[in-house]
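In the two complexes below, chain A is the common chain; its partner is chain B in one and chain C in the other.
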Partner chain A sequence: MRKVAIVGAGLTKFVRRALETPKELSFEATKTALDSCGLSLDDIDCVAHGSAPDAFDGIHQKGEYLADGCGGWNKPTMRVYVGGATGVHAVVHGWHHVASGMFDLCLVVCEEKMSNAMPHAQGFFLTIFDAITERALHPNLLWIFALEMNRYMQRYGYTKEDMALAAVNNKRNGLLHPSSQFKDEITVEDVLNSETMAYPVSRLDVSPVSDGAAAVVLAAEPVARRLTDKPVWIEGVGWTLDTAYWATRDLYYPRYLDKAARMAYEMAGIREPDKQINIAEPYDPFDYKALHHMEGLQLSPRGKTVELLRDGHFARDGNLPMCPSGGLLGVGNPIAAAGTMKICELFWQLRGEAGERQVPGDPRLGVAQAWGDLMQVSSVVVTGI
Partner chain B sequence: MNKRVAIVGIGCSGFRTTSTDLSYREMIFEAATKCYEDAGGIHPQSIDSFVASSEDFMEGISIADEYVPDQLGAVLKPVQSIAGDSLQGIASALMQIQTGQQSIVAASAFSKVSNLSHYEKVAAYATDPAYVRPLKEHPYFIAGLEMNRYLHESCSTREQCARVVIKNKYNALSNPRAVYGSKITTEDVTCAEPVCFPLGQFDISGHLDGAIVILLASEEKAMEMTDRPIWIKGIGWATDTPNLDSRKDGLGSALYAKLAGESAYKMAGIKSPVNEINFAEVDDTFSYKELQHLEALNLCGFGEAGKLLEMGCFEPGGELPVNVSGGSLGIGYLHEANGLQKVMETALQLRGEAGKSQLSGVETGLAFAWRGIPTATGTAVVLSNRL
Partner chain C sequence: MSEKLKVSGGTALSEEDIRSGKIFVTEDSLDTAYAWDTGVAVKRYLSELKQGRIIATECRKCNRIMLPPRLFCELCFIPCNEWRYVKDTGTINTFSICHVHWDASRIKEGEKPHLPAVIEIDGASEGMGIMHILGEVEPDQIEIGMKVQAVWKPESERTGSITDIKYFKPL
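Here is the complex of A and B:
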């Protein structure tokens, strides 16, 4: 298997309402990523990009519209799409381009602009449900994630306070991130006292609505070694999609992530992920999801995650830092771009370039994950130096 | 090419102008079942990965990726969607096999365009929201402009475009999957009501419902699974800018097709496409597109396609048969499934299973798909029945 490395990364600021167009956001991330490794667009062989529903931007065939902002004109350009998991999956998609031997340098770009939706992006999620069996009930995402959160808490006897701990951890980490859309630290009480959206989900259990873009540059081994002294290797990739009939599944455990993670670990030759991995960037659009996903990633025993969180195991200076970037809760959640932001974080952390956010102890192996669709898909990328 | 990949299974369903009795998921189930049967009765559990190609607005579902796994037998398997033409889906499947992580990958796509009451309104959402959409024109006006410019630059004629329609609709009469086959005359085409001048009603391919599933496998697996593998020799795709006013070679060009073709030929080791390709299934969403694409794909010189067509070169008995299946003008236009339809027809010819349309002694074929108005994205693939 051909070795592939990340050699550059770029990120826009995550904001609630960007004045830039989707193309301009993509351009900014693309330019920053290329500049970070001293490349120009002419050096790039292909573009693998991602963006979540077309409905956010109100543009049919959004990939075509975004193509030139991503540098993807007069080049092979292909958009991949797996709902919320798109951000991490676009890197898997880019890995396919380079690892196949077809291309040497691939630009991966993800963009999302959710503020175009008036009054709120949540409205578009009404159209993700089965037209016959579900849509008539007018469900939205908060509604079904409330079911999942409830089931997860009930299974292990967790409380809302336990879940809020994850929000506090990630939001505190995010305060140090230059792209974050937040400025204030929050407490468990703040989370518990925030407005109930759909019980047990309160406002501060949820990541915000955001605009932003992120990009990374992938290179084949010889090219990567020429470009940088510190390539961050893609050691393993995995992805899995579960049935669309989500009501037929037990929601307490993400079995799709279990499979995806095992696929990635097998490729990376990792036998004991909880001992071998130094940094985890689980997908955290909701606080409970960060914990739920730590279990799916085999980084925490089922039902013991809150205990480990309380013991500081997942803090920045703990044994296995969880979301040192701040994650979606702490930085922001421009859907596809948020996943790629996690990959950017692994790139900076493993190279020791994360500044104030740097995880101590010379981390060597990290994992990033994103999740989406009807609580049914996960993509996992393991990186190492 | 570092690792050989073959088409080992083909299945399709639908190919009707409307299908009120089936959901698209049922259509895909039928196509997938036929495909797996065609590949020697493989169980979907033995397939490593799945790639679907779709666009949300065409399905009326946001995050259409959600509804991919069940009907393909892909639950809890690696599945991803490409928001692009299904020939790009084939490219993704091919790359997955070449990484060595996967050995057998299924590619699927469908069109259920009969569910749409106003296709042109959906297509309008693909145009630039600031500069083009506010004009509130039928998006086909772009095809009218392109056709005008192409005819002007290449010195091709309106009548030559009509000849494309006549040829493809006639070829379609021999293809059981084609629904728009007929015998028509030049006058029928040129005198038909213009839609966006000079583009007339007959110059536009009709909408079609259908689902297609194609199974790809690595060389080792392909040899075990089938005795009639069709090898993917080369593939290439390219996107030009979506901005109508800043395409490098102007509106009359199909630069995306030129770039895609060049990459595919290079990978396949083809130096002289016109001598090494035996037949081609080339996008003919609009009549002029067939001529424009043939030239861009270097299957003839610029401005020559119309003349060669008049000389009969592109007829089934000619030197380079083009769209023997009937193409989109004769079969119907399957939207994002367009690419898989071209691959299917090319592969069936190479297997010798094209029935009444069968050409004799063909070894290498080209399939090319374009994503339609208003995009400038195309994918070319070279297929062969020889390793």
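Here is the complex of A and C:
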């Protein structure tokens, strides 16, 4: 396998409702990523793009529809879709294209426009539950998060206040992100006092509904070295799926992530991730999910994560900054684009280009992760400089 | 390169932009309908529910007694054809008190919250839970680890559905 580097990155702003069409959002992120490394579309060999369910945009075969905005015209172009994990998985997908030796330069583009769905994109999640044994109970997506959060908290004796600390950490980080759809800092009290949606989930435990797009450019080693002095190498990739019988495994631990993380670390030659990784971008559609995923990523001992969070271990200037981008909670959650945004953040942070958000201490290794479906799938990318 | 150059597009619209006609919007709606066949294993599951019983399958290799019953064990990847009746009692593994509907609209004043739970069924392998709802219980009285029992619809009203169990109530 060839070494693969990220050489450019671009984002749109994340907003509740964007004027741009999905294709236009994709174009903005893609063009920005190309410009950032001085390339034009003619230089690109192939496109790996990702977007979550067609139902959000209400456009069937969205991959084909989006291709023009992703620079896919007359090029080998392939969409990947693994629910919420799509944004990180698309980078794994692009990595295959280049690592295989088939292509030298690959564009990875992820887009989501959730505002098209009326009255709310959440309605479509009803259809992820088992058609016969679960849907008759009229479930909604919040159920599954609430069930998981409650089990996670009960298992370790965590409180809602503990979980809110993660929301405060990520949202504070996000205030410095130029793509963020938020302007105000929040407190633990704000989270606790926000409307209860599905106990234990309150409104501010949850990331927002967003529109947006993100793109990165991947290059084979010799090309990457020609293009930039600071290629950010993809050191490891991992992904796994757990069984769809989600109620038959205990939800307190993200088993779907354990194996994916170990796979990525093994490839990267990382033996002690909690000591070696400098920046973590765990997937955080909900505050508890950031902590849950830190445990699954082997970056925090099970049941000790809140203690470390309270001690400042995961703060921007702590030993292992968690979601320095702000994450989905602090920047926004256009599903597939949010995962790729985390990869963009590792790219900028490891190159020392994150501006006000820059993690101090010359970070060398970062990990980004996304998760999706019925507590099932996880994709992990380890990057280094 | 300054950070601003790395972010482009994503023009925020407000509700007012749309209401005032500043932005043109095209609307459409889909009306889709489906009828799912039960499949081989769940056919028996639903037939037994109609009789007021819960049935599981056992894998002869890993010996897991599984709910919902399945035609094949997804871990051992061999067919499952050993059927086992299990109890209609179980333990709450986790639960929620949900104040929103499936489309994110809020429940109305006075309407009771939904009480979904994962219930580990007695007689199935440890940790083998199903999703169902709780009833005959005050939300603030529910606890993880609580023992519960199925409350069945009257036989004449059962249709061969997971909803033949109305809900689970504390024992």
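Everything below uses one rule, namely that the second predicted complex is superposed on the first by the 385 of 385 C-alpha atoms of A that agree within 3 Å, B and C clash if a C-alpha of one lies under 4 Å from a C-alpha of the other, contacts with A are read in each partner's own complex, and residues count from 1 in each chain.
Assume a residue touches a chain if its C-beta (ideal position, glycine included) is under 8 Å from a C-beta of that chain, and two chains touch if they have at least 3 such contacts.
The shown structure was predicted, so the numbers you read here are calculated from the model rather than taken from an experiment.
Legend: residue contacts after superposition of the two complexes on their common chain; A:G58 is shown touching both chain B and chain C. In the superposition on chain A, contact is made by A:V237 with chain B only, not with chain C.
Of the two partner chains placed around the shared chain by superposition, chain B and chain C are both touched by A:A131. Contact with chain B, but none with chain C, is seen for A:A99 once the two complexes are overlaid on the shared chain. Look at A:A9: by the touch rule set out above, it reaches chain C but stays clear of chain B. By the touch criterion defined above, A:V188 reaches neither chain B nor chain C. In the superposition on chain A, contact is made by A:Y245 with both chain B and chain C.
By the document's definition of touching, neither partner reaches A:L41: not chain B, not chain C.
Overlap of the chain B and chain C contact sets on chain A: residues 58, 130-131, 243, 245. Put simply, chain B touches chain A in their complex at residues 2-3, 55-58, 60-63, 65-70, 74-84, 88, 91-92, 94-96, 98-101, 122-123, 125-126, 128-129, 236-243, 248, 255, 259-260, 263, 267, 371, 374-377. Remark: chain A residues 9-20, 24-25, 27-29, 31-32, 35-36, 58, 118-120, 122-123, 126, 129-134, 136-140, 142-143, 146-148, 150-151, 154, 178-179, 181, 195-201, 211-213, 243, 245, 247-251, 344, 348, 353-355 touch chain C in the complex. The part of chain C that touches chain A in the complex is made up of residues 1-14, 23, 27-30, 34, 36, 38-39, 42, 45-46, 66-68, 74-75, 93-105, 114, 116-118, 127-133, 139, 144, 161-163. In the complex of the two chains, the chain A residues touching chain B come out as 1-2, 52-55, 58-65, 67-68, 72-83, 89, 92-93, 95-97, 99-102, 124-125, 127-128, 130-131, 237-245, 255-256, 259-260, 263, 267, 372-374, 376-377.
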